[in-house]
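Below are structures written as structure tokens.
Look at the two complexes coming up: subunit A is in both, with subunit B in one and subunit C in the other.
Take a look at the complex of A and B:
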């Protein structure tokens, strides 16, 4: 009888302890944020592969400079290195696309691309400027832990902004390294729109996670973009006026 | 024949069982009947025009997407509430999983050139919140050619929402989803209309089925009345109609089994078969009643079958011959109709003999109806008196009859060249038909709904020569109704170059084209307009509805223009006098394309003079020139935190004193050396751009003086060619080749129109051959068969003459009239001829003719009235094409009867007279 009572208590303890020690969705997002690579400036060299509906691939090599402007705002200079027809075409996006300039080397001319929505595609990829800003913090999303298994947490994120183009995000988070392995983006009608998958990461000594390869598939358009990073330099010294119209006109950045 | 009759008698029950089984089977199968009236499927896919059109869908993802249009009509669109409602509808449609893209007033993108650069924005950036804002929006949009009159109606009340579906969706279901969604959002005071090729096709299909459901019973009713007049017995009245209905059911069932779809014209099949096939049942029952007077039930069936099987078979074979001749037509609705109708006639023949024979074997009649027992050969009714009058007139006024026939034939022949082809929706469906009204509503409110395409094949569509040719060709074709509002990659690049460089031209530098292409690659809509290998593209034109003759004429001119364009060229630097001469000529020709008329020689000299001057000669030192340079570089100036005025002063000083610009900038603006170097190079680039603009503007002024009119902005395309540093000369060893081909649904419809005449001739000739062969077989004489063909030939002339005189156009329905008239009308000639020779063997010619008229003539007349009565029912159809078809076939058949009575009777009598004379002469000798 005593043994029976003990067993009941043990089960109850394990149940309550499980509840007490399990992370909440909000805590998981905080942990992910903590594991995100923190940098002020960054230079990334890599390639983008665009895959169209018929499976045809088009590879573009690129170099990208980015700077954390604070308040979740990132400024970017993005230049294509190849193929020849886009070589030298350079984009300057200030503070998450508040202002976007494009330099076309053949015209020796910079043009302001005004009014482009942040939900528009970025340089022909399936990423929007919003997608590139990267964070999925609790400031922007209501989060719910929908389940977990040995390796992953499964979160549901609902955008707080009323004008968000997404209705919800289903996120799979790696339990050990706290990075998102996969995100399914749903439109406001609840239909699957895009799937973002992380294929390769590098864990740094401080425990932060660098994403080296990811893909984003637009399910509706049947179009995908794969981004592969070949090198990353962080906190590189850049002049104050680096993210400027002048810089993007230079033959070498 | 006896064995066959015995066989039917012996296996009466199994025959009835099989008849019932097949009827149930086809009835079940008919549930999956499918209508399709897509003009691109009218001709076989192997047809070069159609196969080319179909390949476009595979090559270009942006071509002919599954789509539909939703039109909304408000009392005034430009109110905050209505615009919000529109926005809401657009969002709801966008959220449907089947929808790929929605284009509407609230989300249309437009490229605007601002003083800073390109502004890619939506036509309606933010929804108006007040009536004033809504009014201001309306005023802004009135001047927007892409929106006003196209997306928004000219009165500002209506607007359209264009919905594109994903490739893999069931379009019918997708349309239903959108329809339900929109209806759920729209209040009752807003008029909503749905449009699209698929919607039109479904409406046509529904109407065709409605047509069948409504008209078949009416035709049945008409025949019932005629049969009641003939038999006065329930069975005698119902069974021929029942047999005819079964034959139609079987024919359509077989077609469904074969996986065939039906077209609007097929909807007339049950009525046509009711009219034609019921005659076989009537023949059998008539004969059965006749035999039943002298024999018991089963014996009467055998004797009736022995008597009528062969005539019914021959009649069916000739009619089938007419229909089967339509199989030679390469136009699917026609050949399909020929097949279904021939099958229907075959089944009608089988059912009228085997099944009716079996039926009367199992269910014999006890008594012959009273009135039939006394039906003498020479009844004294109106028919009889009329036919006697006719034969009497023929015998006593032969010359008048001949003159009458010659006159009528002559008049009809004059009408034949007036026949024209017309396949517009209005002609097919009728002016009052809802589909015509729907199509015309969209055309009147939002412009055209049909598109034509010019397809371009080359080595690389980025080649400036090709892009420029696209602009030139589009500009030329714009003068035609079928080639309005061209849009292409080239026109997009033209807009883009204007936004970036400041002028509407296609640059000659490949690097610039590549830079512009960056935008093309980023845009699914534009990418959908080129093949993956970058070798093919197309120009899309809106096609306004024209008559077939106008379309043909426009196509002829368009093709002649394309033929005149260079197809193989090489790029040559503008170094030789010959190259400059060529470019000057090109510029003047291009200006002519844009509607500028110039005195050739003087204009040529002016252009040549400008070609020889370098752009540096157009650098000015005045304030206005400098101001333009600063304006061009204002983005960079602003980025450096400098004042435009200060830069302007430095620039003036540099130009006036011929001083190095970076040094002046450094000294005057206090810039560091690197910044001064950078700004100097930016300003040098702007200076070149401005000087080039001035060069072109000066040329424009000179040419405007010569022409006496101000040039439109679009002339920039030609004027800026003066900056070119190379030309494209036609050369056999040229490495740039280009080929053009025109297509589109109106073009395919025209192609079908052109086929109609040849198909008509082919099928009619074949029908005549088949019928003549069967006549020879039956009459065993070439001469007699030739005589019997005369009324048919006259009937053919009549059908064309009537079409010509009454301006009835040739289309997929009227094309069949002659062949059907031959197939069905020959029966009258066969019956009349056979009876004549029988009578003339026993009686003198005059008596023989009278007997033929009053006996066989009566049957022919009654039968023709029945057939025509049934076919005239089609005149009640909502579909104009069927109304004309039914009335024309019925009228031509009736006229054919009179040709039999007049021309054939006269010829037969003449043959007998000449034969007697010869015999007499031989006797005298």
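Take a look at the complex of A and C:
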């Protein structure tokens, strides 16, 4: 009898403990945020491959500088290094896209990008200006844990912004390293629009995760963009006014 | 003759650009042609744009931009410098950037026809394409910008030698002859000789300009002041003589009137109207008082005022883009060539749409004179067949009475094939 009671307690304990130790969606996002590479400034050199519906590839090399401005705001300078027809074209996004400028060397002119343009494609890639400017934090999305298995969590994110072009995001999160492996973006009508997949990451000594290769496929247009990082430098010294219209007009960054 | 010229141009290209080729370069080659249905005239040509930046150290650079252009007629010269300059970034002080040399300067926030973008003269073209309208002639100058902080700066421009617009003499005569009709001159039996006085621009008496620019909330603004001269010549004295054989001898003495321009540039968004960008440039032009004196064959003279009061020019536009579609609506007060009392209002509409695969970009441009209703429509498409290739085909047609502002543009078709390297 005593054995029977002990077994019941053990089962109850395991059931309750299981509930206690399971993470909520919000906690998963917090853990992902904690595992995100923390840096003040960063320089990334890499390449972007555009793949059209017939599988034809077009490669563009790029350099990107970013700076954590605090309050989850990031400023970015992004410059194409090749091919010839976009070489030198430079984007400046200030504080998660509060203001976005484009410098086109052929016109020797800096152009403020319209608010509506922020959701448009950036230079033929499948990324919008908005995609390049922000992340997937819980301040921008309502999150729900939809399931889990041995290796992944499955989250559903609903954008808080009423004017978001996405209706929801289905995110697959690596259980061990807490980074998103895959995100399916759905339009406001509920149709699958884009799929973002992470193909290669590097885990640093402090446990933070750096994404080295990812792809974004536009399912509707049957077009994909692959971003591959060849080098990353962190906490590099940059002047206070580096993320400015002045900088993007320079011949070299 | 044309073959010979083409050969010379190619040789020059190889000779001049060969040594520089070893450096990191970029540019494009474009073949262009246009056909006027009314004049049954085919214009064609080829041009090579070439630019190279040579880092001398981390703060100093050499810039070379050349334009090699052959067109069948009215070309200013086959090999043109677009820019040759020495550039300093955070030099000579941390707060300053500069360029000195033969410079191309772009001012103005407007996408089309900015009235403050007047520091460089322009070559002549019959083509109305944006590519051609964007061509400029460089000027010897210093351009220094002093950054007060990350958002505000003060720019100083100094030009010690005057350079004029390039206008072929037949075009200048086409403009001048109608103004002489009231004096009985027969354009078909006229020999016209034009001489021009260059303005007294020197190191101690330069063309100069100042511009302060920065950000105010959602708007970027700039205020500028330009002290210089008109870049096209205007007649000052004309002598008309009727020769015994019944020919008219017309001697025109022209000059470049002085002008001061106060400019305002802005681009920004309006709170509550998501997605709308306003861009505009406004110029208040104060010209030197300029009288055209015509000495008549039968004796006596007539005085025609060319400039006698300040006037406004403007380009005010709004643009919006969604789903790969871009729309631009603008109002112009004055075009690139209208000054003084000739300034008149225009409406401008542009729409383009980029295909899903990014290869096609059909567009429609429409310019209407709000003074006489004459209109030019330009319908075309850009096509990107592969990496670095770009093809643009444009059909244009105008409507309007004889002698109207835009009616004379007529009907035509233009093709440009460009390869970037």
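Operating definition for what follows: the second predicted complex is superposed on the first by the 238 of 253 C-alpha atoms of A that agree within 3 Å, B and C clash if a C-alpha of one lies under 4 Å from a C-alpha of the other, contacts with A are read in each partner's own complex, and residues count from 1 in each chain.
Simple rule for what comes next: a residue touches a chain if its C-beta (ideal position, glycine included) is under 8 Å from a C-beta of that chain, and two chains touch if they have at least 3 such contacts.
From a predicted model like this one, the values you see are computed outputs, not experimental measurements.
Overlay done on subunit A, so just call it for subunit B and subunit C: clash or fit.
clash
For A:108, decide between first (touching subunit B), second (touching subunit C), both and neither.
both
Pick one for A:191: touches subunit B only (first), subunit C only (second), both, or neither.
first
Looking at A:244 after the superposition, I want to know if it touches subunit B, subunit C, both of them or none. Which is it: first, second, both, neither?
The answer is both, since A:244 touches subunit B and subunit C.
First (subunit B), second (subunit C), both or neither: which does A:84 touch?
In the superposition, A:84 touches subunit B and subunit C alike.
Tell me which partner A:53 touches in the superposition: subunit B (first), subunit C (second), both or neither.
both
Determine, under the contact definition given at the top, whether A:252 touches first (subunit B), second (subunit C), both, or neither.
second
Please work out whether A:27 is in contact with subunit B alone, subunit C alone, both, or neither, and reply first, second, both or neither.
The answer is neither, since A:27 touches no partner chain.
Counting only touches as set out at the top, which of subunit B and subunit C does A:221 meet: first, second, both, neither?
Both: A:221 reaches subunit B and subunit C.
Clash with subunit B: which of subunit C's stretches 186-194, 240-248 or 258-266?
258-266
Check subunit A for residues that touch subunit B in one structure and subunit C in the other, and list them.
Subunit A residues touching both partners: 52-53, 84-85, 107-109, 111-116, 121, 124, 221, 223, 244-246, 249.
If we count contacts the way the header does, which residues on subunit B are in touch with subunit A in the complex?
Of all residues in subunit B, those touching subunit A are 61, 95-97, 100, 114, 116-122, 125, 166, 499-501, 509, 511-512, 514-518, 521-522, 524, 532, 635-636, 639-640, 675, 678, 682, 685.
Taking the touch rule as given, give the residues of subunit A at its contact with subunit C in the complex, in rising order.
Contacts found on subunit A: 52-53, 58, 83-85, 87-88, 99, 107-109, 111-117, 119-121, 124, 163, 221, 223, 240-241, 243-246, 249-252.
Report the residues of subunit C in contact with subunit A in the complex, numbered from low to high.
Result: residues 26-28, 53, 55, 61, 63, 87, 89, 97, 104-106, 134, 145, 147, 149-151, 153, 215, 218, 220, 267-269, 274-277, 279, 319-322, 324, 356-358, 387-388, 390, 420-421 of subunit C touch subunit A.
Write out the stretch or stretches of subunit A touching subunit B in their complex.
Touching subunit B from subunit A are residues 52-54, 56, 84-86, 89, 101-102, 104-116, 121, 123-124, 187-189, 191, 220-221, 223, 244-246, 249.
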